């Protein structure tokens, strides 16, 4: 695609008939789409699609993540075109669009809501679009993985930053909840546990079941203590080695970060990853065969200063930068 | 019941072995039960039971009401023994206990959660205990009405303070949601629409269906404009006349109040009732044959100053005062 | 315009290719345009255009109003299709679109920023579109009045709700500032002082100059004390009588409301109008020959609970309802 | 005193050697003294002295009032020279200075802290200065009354706006606490109960003792319900009649206002006075023989939006306006 | 004690008569006791007792710590049964109960309040219960040490994490205040300065007296700079070596952490310990002969996001884990 | 200057006629000057002058920095006389005074506001006073540098901590804005780019222009990644070497810190410097020939917990400590 075509993709027309790029406009203006990219409804006109999944019916603790997409959109106006650390200019390499939100036909029943999500990601998986999702609680990743694993016809590798392994069994009446997506995904062959790395694990648990599941199935669980001892670089190297060259999905639960970076999340755990570490870790994934990713568990009502959504938007931008590298290798 | 027995009911023993009344203790101390009343698990030892219903899965908009019971308990420590306006001393007239929270077996499916609530209120309805519930979203009132209507074997009168009629049809995949309890209750004969008064109605609606339902079924809908023109006293008189002498339930959605009194609620509507009006209105219901009530839709994450929970705790105290009058007439 | 055409105007297509009306979608979803109306850049496809004017360089006190349009858009998702109090259904009567924000070429110089605003409203005035603006500080109303007075080729009547007369002379180096628009507009013949009504005036002033200017030029200044004594109905009647049948602009500074309704504003003054009064007052203007209006001085950083933006969005909805009446009489 | 002398009193010199009046400067500048008046340490150079009493050791519930003087000073920068409602220009009628704060030698023992306060007000009482105090909790009024009653050698009249009568007996180990000042003052003959009016009383109490004390000693207790029924004007007339022409002190506990106006206070009680009522009530006291006053119980840590301190600063300004009238009659 | 007995200890009965463990219940439900452990008033039925000391009369700066126990109880619902980092399962090793709060007979005089605290801890010291206290300000540790030193009949070792040495002389009229407990304790032989380690010391001081006292008496003062250079592991090793095998008390002032982890505290000092460091440091104390401990200086009104109380609850959980190790070795 | 003279400089007299040092008073008392130093208007009576520059008209994103000086003054009451880490006692080495704020004649035009600032710093530069400025946005540093470079008659060295290089070209209609001061200063020879070190650079940019400018002109740009790899000590050593012995200015934009330390700033960038690093870095500059400095971009409305202003006050204190060393070498 030519630079002109790319440039045209990002243009909008104001009521004076002047064409301009909203992402270059004053950052307190404009209707807040993700990183002020264009709203698109035609999947064939976009390379990377950022999509909101405003659902928090899978939470077992503090709610509010249904407002995550809105507020991440809002704070993502602070993102800009060039990643100063890496030089990456994602909007010059791909057409990145805001796909809007998953529309729910049913929000009062977790299993049916999950169907609604799957329906959207199946539509995406039927195209060449690489998806970046913004949750919502972590239960939304399971239907995404269902759609994406089908697309690649193989269990996916998983880079998973989180305080929790999210491999727990049924709870409070449902096997689908925000602590279960990667157990479901393993059981159904959507992800390959040997190519799954869980980074930042810590806190307390009422049962050992989830941690045991991860380890027993061959996932690499890197606790925060191990992360602290090894450093982000060694962790990144091991993770890259484990996921290998096959298609890999990247999921970032903001509670993987320390609660001072993300007070606005549903199940905060003290003593987590810093943003400086997280950004450097993510950048090392530029050579991974990434086929999509998500940022989840941003709860704006619990975030009086907005710092959670700001950090989530920054994580989203770093993920976009490494995803665009994968897109360029493939596209 | 003798004064001594009542007094003993409210006593707790500290680790020094000293007996004291927590409700008389310093208001920043003590584990926060509702109004610092005793935790009770034996329904036969209590006259009026305050119970938390920490469920917000019926919300169509802003969440957080699952934390309502906790924060109302916390702010209710500011309540005291004598109602200065009316002279009522509820704790000298009845054994008022904190029944804990409804325990949910299933929180991920609205219809099954409603069953869990019903199970608790059926147990209460099987005794002489008068319940005061603290939500939770307004969907919790429907299973309460199911249990209470069965107890009295008659459709109940309803005093309903709210911005919305909550008589809407199925939405987003469920007929059970926080905008529907009084349509369900009417359809099932749990309440008598001719003895139903809805006070404070206002705002916007996407369909006229709910308002039409209320009016077509004979409910008395008093909009905020009519309330403003008539005044709280005339409204109270008409409401008392309409509900008559038969058993009546009192349900108070805090969004009936103006959002400055209750910023922490799920669907605020500008231009509502003031606390001064609400308190004087409620006090007029002392002669109604009240058999229970609830305060719902307190969402603490949306309530940075705590004023919503404080006002809800005050409403709860005023409701307790009029309920205790009914208890004394009957008991 | 047929109902079908109107309905089509409000439709959007999602990535599944399904057509739907975002204003009917779940209120925590969707990119937040004003009342979830469509983004339009073609002025000829719209009847009433809501436009953000994200500028706060005219403030002499507390800043932040540049984020007003964003947050009013966000909270306006709580608005719906039917005004319960009046029965008005604005979206069935007119094509109401979100025109985006005024784009500023210069934000560091108040006089040049005012030129940027004027440029946009001249473009609107050249069409049949009726504008509803969302500020920004009150300095933005002056360039709007310049454009609108030229369109109607006559000084406009002015319905002005505010704590301040905003008829002050030059201050801190500029005659253009948020306390001056109506002095400039009078001096330049953009408004007719005899058809100007200022409602809610109160507080303190360092000089009597502004109040004297208003009164000396024949404006009707209704202080909050007079408003309190007369009541909203009598005030509305007098205001309607004074502005008569000629074109009239409606400007609502949220500091006209009491600070408990609008803590998030630049120059709050204790003791103001309540939302209940404001809504009822505005509804009386349905028979006025309104040609546009604005809501200004919402400062989200000073609004921890969001109640200011919620009330401003509600005011905007009430203004839309009366403006649509005028549109239907004319259109 | 000549206008020139008054003008000179308010001047300050900046580092360029230019003389200016800080109260006329931009409201986000300047070190925040009360209403940006000059800091004075010489009592003989001032007519009305505003003084902070940053003590909250008398609180039985929520703390933080020790920061009241700081934050009221901060918000009082929003006050200006002319009272628009009454035309009063206090700074053209008297030298109003900021006397700094009472300095405490002992903050860990309530009785000794009260001695520290008394020491300051005795110094003031030895001069012609009329004091306006900013608390601090309400326990600080008792030592003020001690000093002022001695100065006038007679029990004082008392205009008392509050949710509570503050005539309670010893509690939690001390007879000096924020609920007791007017019982102590009556017992010691500092105030005349027959010339004492308590306005806005409401809420709950654990014992009837305080209310009984007030009534039994002849104080006029005007509950919020009676206030609501009579209206501010009739209340003001009765209060003026009762206090008569003899020296009268005015004490305003911000919890007399509804908690939406003052969320940041130690013992909020729902259903209180509005600011519009409070301002109009206070203005009626311009003909009272006022000899001082205070605003107390502002707790900034509980005031996320700052509205409590803003309202307290406005109350302070209204009190200054009526006090300056008394000063002019006497001075 | 058998597993069954332990399990029974943690059971509660709901109003349906069903027995359950509140600590396993949904984390937004239940009356918030510390970590949802049972309220106990009989000291002989418990091994480790967590007790609130809601007193903040010893503060010289920002107040609010009297609400510390309430809010730590509230946030401690996020704690769970297994410490993922260490595998420790404290509730399977000991009966851990919530002892309620110290009840104060006198809160207006620091010295008498200290007597009230001592009275409670003497009662605890007379049993085999190991206490974990939650403040309150740091002045509460002195009476705890008085009781505990008497129990062991020897000066205690002290592990002290804090920004301040709290070895200052009398201030503002009292030798008992939140900056003095360890000077008093040393002077009275309650702690052994040679077995005292103060970790995290930093900030500013108006006098060198306190630091000099610590060093002159042989305490090991580890400033934050030294901590930064040595790392948590080396610091832990030195601390363990210094306190040796004799009975040792662990006191954790949350201002030892950086203010981003604990904005809600009375005397924050920039540049402190991170939670990741603090947790790893504390875990090294599992082999110390711990006989009790406390977490102090949590001030909820200064903590808008709740992160301070969350971190304090996590510190409390880590302390419980190491304390239970000591209990098992002894018990 | 003798100790007695210094001591007298800091004394203030209270209304009892007692002399005392406000900086030693209780920290919740006193009108908040910077670190409770005396207000001075005579530049010849002071060695180091702290001055507020309450201007935020240069911001391109989030506003509010005009309230920076007020809130830094407020939080700076937490600072004390001795720097525990270094032993420095700045107030025993120099007369440190609060010079008040720059008074603006024009706030509505950035270029004229800059003239107002320059006028003040020219006055300071004409004396021996070393200035410490508190912004305000970063545009204020340019006129400061104009005045200071003229005083020393040489381009200054620059130690610059920031997330951004602030060497960008004209934007939104002005070459003067908060992203441009060091480009303007280089172009005009006010600073020596070879003696300029920019530390903490990161985030995103829409154009490479600014970074290119810095590097092309010979500035040493230390990104956060390089800072992370080298450590604060090596960075400090290189910075000291580069600035050499000639006069050097120190400018600290609080967005150089990670947003968790400074949520209240206009253009936060994730992944920044920690306070522990920042303090240790700054202390290494004690041997630099510092001639002044500033702390900028504190926006209190965006800082709900106050931690931004607290950290800024701490940075100011550390800067004062190293500046006083330079003063002592020269003075």
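Going by the order they are written in, the chains are A, B, C, D, E and F; count residues from 1 in each one.
As a convention for this text, a residue touches a chain if its C-beta (ideal position, glycine included) is under 8 Å from a C-beta of that chain, and two chains touch if they have at least 3 such contacts.
Being a predicted model, the structure only gives us computed values, none of them experimental.
Peer 1: By that same contact rule, can you tell me which chains touch chain A and chain E alike?
Peer 2: B, F
Peer 1: Once the contact rule is applied, which chains count as partners of both chain B and chain E?
Peer 2: Shared contacts of chain B and chain E: A, D.
Peer 1: Given that chain E and chain F are copies of one sequence and touch, is their interface built from the same residue numbers on both sides (over half shared) or different ones?
Peer 2: Interface between chain E and chain F is built from largely different residues.
Peer 1: Taking the mean of the C-alpha atoms as each chain's centre, how many Å separate chain D from chain F?
Peer 2: Here the centre of chain F sits 39 Å away from the centre of chain D.
Peer 1: Round to the nearest whole Å and give the separation of the Cα centres of chain C and chain E.
Peer 2: The separation of the two C-alpha centroids amounts to 55 Å.
Peer 1: In chain E, which residues are in touch with two or more of the other chains?
Peer 2: Within chain E, the residues that touch at least two other chains are 26, 28, 60, 62, 66-67, 104, 107, 172, 260, 302, 304-305.
Peer 1: What kind of graph do the touching chains make: line, ring, star, complete, other?
Peer 2: Graph shape here is other: it fits none of the named patterns.
Peer 1: Dump the list of chain pairs that touch, please.
Peer 2: Those chain pairs which touch are A-B, A-C, A-E, A-F, B-C, B-D, B-E, C-D, C-F, D-E, D-F, E-F.
Peer 1: Enumerate the contact residues on chain F facing chain D in the complex.
Peer 2: For this pair, the touching residues of chain F are 12-18, 20, 25-26, 28-33, 39-43, 49, 51-52, 54, 66-67, 69-70, 73-74, 98-101, 103-104, 107, 119-120, 123-124, 304.
Peer 1: Quick check on the complex: what are the chain C residues that touch chain F?
Peer 2: It is residues 56-58, 60, 62-64, 66-67, 104-112, 172-174, 176-177, 299, 301-302, 304 of chain C that touch chain F.
Peer 1: For the complex, which residues does chain E have touching chain A?
Peer 2: 23-24, 26-28, 78-85, 260-261, 274-276, 278-280, 304-307, 310-311, 314, 317
Peer 1: Considering only the defined contacts, which chain A positions touch chain E in the complex?
Peer 2: Of all residues in chain A, those touching chain E are 60-62, 172, 201-208, 211, 223-225, 228, 258-260, 263-264, 267-272, 302-305.
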